[in-house]
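A quick write-up on the structure given underneath.
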Amino acid sequence: MIEQDTLAKAVFDKMMEKDYCSQWMGIEPIILKEGHCKLKMKVKKDMLNGYGILHGGIAYTLADSAFAFASNSYGRIAVSINGSMIYSKSAVEDEILYAEAKALNLTHKTADFDVNVMNEAGEVYYHFRGTVYRKSKSVIDPITTMT
Amino acid sequence: MIEQDTLAKAVFDKMMEKDYCSQWMGIEPIILKEGHCKLKMKVKKDMLNGYGILHGGIAYTLADSAFAFASNSYGRIAVSINGSMIYSKSAVEDEILYAEAKALNLTHKTADFDVNVMNEAGEVYYHFRGTVYRKSKSVIDPITTMT
Amino acid sequence: MIEQDTLAKAVFDKMMEKDYCSQWMGIEPIILKEGHCKLKMKVKKDMLNGYGILHGGIAYTLADSAFAFASNSYGRIAVSINGSMIYSKSAVEDEILYAEAKALNLTHKTADFDVNVMNEAGEVYYHFRGTVYRKSKSVIDPITTMT
Amino acid sequence: MIEQDTLAKAVFDKMMEKDYCSQWMGIEPIILKEGHCKLKMKVKKDMLNGYGILHGGIAYTLADSAFAFASNSYGRIAVSINGSMIYSKSAVEDEILYAEAKALNLTHKTADFDVNVMNEAGEVYYHFRGTVYRKSKSVIDPITTMT
């Protein structure tokens, strides 16, 4: 069902264990591969802002989680140093959203990812872009596969 | 206790009524003035990420709420079109954070704000910057005071 | 040779007349269509920084010009309100670069564009993203075709 | 005349030697200190865009140069990985601009800087923010003072 490879899945499981925020969001993995993560989430009432639409910050949080799983999927700890988001359309309560993170640029020490947050039809509502610093330390210890 | 002016406070109250996300975060207003908002929040377990620290997305959400109240405080509806955040330090569970939004640039149709998210000692952990599009429509209807 | 449509070409010609900076850069149009612009430029010695590579600011300026032509191509004056750039690879003297701007999001009052700056092989060196505010006034006056 | 310290000045001199772009812009140093750089520049005709104002890209280039000198001022090579700019006001031909870069956040491996580009009265026209990756290698070799 889930498209995945072994290391990316192991990293996701290890991180999700204590990622209480992603648990609160109710995210489900759809794709967990090296440098590529797709998540699914349903917009809940607690995610709405004063105008009755999805709080931009939660759209960002969903994208940021996909970004975290994708950038850590190589096995090395990746720490976000910044992120940005453009809002194109607003999501409403009970809407299903998908966040898909893909590497834009990967060097030994830093990496940039784009994350599109879209509806079921693939229409992009939010465009996220973020940068990580890549540590030498592995997410899962001991680990052998490293990039 | 709260530093506030009448219109900014009315806008905050009107928006908070249905801002279930800011309610979930447990934010408290400290300053509610024209173009200037300061909020307080305690980091909860449901806000942590897989590395046991505050999820960057929730730091962004807190900043985004301060940004929303500050940019709507003039009385006209302000819609976020983008935001970005730089992460300097990480907050942990039970830590108290303050988000302070101030106008960087205000024109008739758009405005930019900086939001610093800091600890009790005023040390900035997260630097947010965002842009709104300013509608003609007022937040509170009928309203007389408009910018 | 140049892929173009009438209005986008007219807007480009009108803007280029006094765009001394794009003239200094020596840009050439490759694609001039509605919401889509591709430019070509050769890296000159005056564009290098202290490390002997293309100054990031000039890569940004090239992208910003493509962004300006693309966002004004609908016929209405579009004013940049912000821009950002990620640096993946460095260009060197005499290298040929292409900047291709495409609309990411277009509303009545604002629009966002992505601009990829790449080498002849299509490898992306610089990723630009920017936002415009769209005025009602037309670039060329009198004009009939408006979006 | 110039506020400066020894290392920051040595780094500036070494970088400027081959920084043909900053030479083309005609920049002059005002402050050259650790983590702090202020430059002066006069807007030239070749810097104007199609609307007769300073090309946003050149405002960015000026800020980016101040950012480069400030982030390299510690003695270690600092490589820009991204930058962003908000446009508040437009500069015109012959106007004098100042770009002042200050560290927002400095860690062992990365750093963030804010650069304000302003007129003689100190009014901020352009707000730049950028991130560098900090190498171990020194700008000037051999060098003894390192951060």
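Should a chain be cited, it is by its letter among A, B, C and D, assigned in written order, with residues numbered from 1 in that chain.
Everything that follows uses one rule, which is that contacts are C-beta pairs under 8 Å (C-beta built on N, C-alpha and C of every residue); 3 or more make two chains touch, one makes a residue touch a chain.
A quick note: this is a predicted structure, and the numbers were derived from the prediction, not measured.
Novice: What is the chain whose Cα centre is as far as it gets from that of subunit D?
Specialist: A
Novice: Name whichever of C-D and B-C has more C-beta pairs touching across its two chains.
Specialist: Of the two interfaces, B-C and C-D, more C-beta pairs touch across C-D.
Novice: Please compute the C-alpha centroid of subunit B, do the same for subunit C, then give the distance between them in whole Å.
Specialist: Centre separation, subunit B to subunit C: 34 Å.
Novice: Quick one: report the Å distance separating subunit C from subunit D, using the average Cα coordinate of each chain.
Specialist: Measuring from centre to centre gives 23 Å for this pair.
Novice: Residues of subunit D that contact two or more other chains, please.
Specialist: 81-82, 84, 86, 112, 131
Novice: In their complex, what parts of subunit D are in touch with subunit B?
Specialist: 84, 86, 88, 104-105, 112, 127, 129, 131
Novice: Applying the document's contact rule, which stretches of subunit D touch subunit C when the two form their complex?
Specialist: 14-24, 45-52, 55-58, 60-65, 68, 77, 79-87
Novice: For a test of understanding, state which residues of subunit D touch subunit A in their complex under the given definition.
Specialist: 81-82, 84, 109-110, 112, 131, 133
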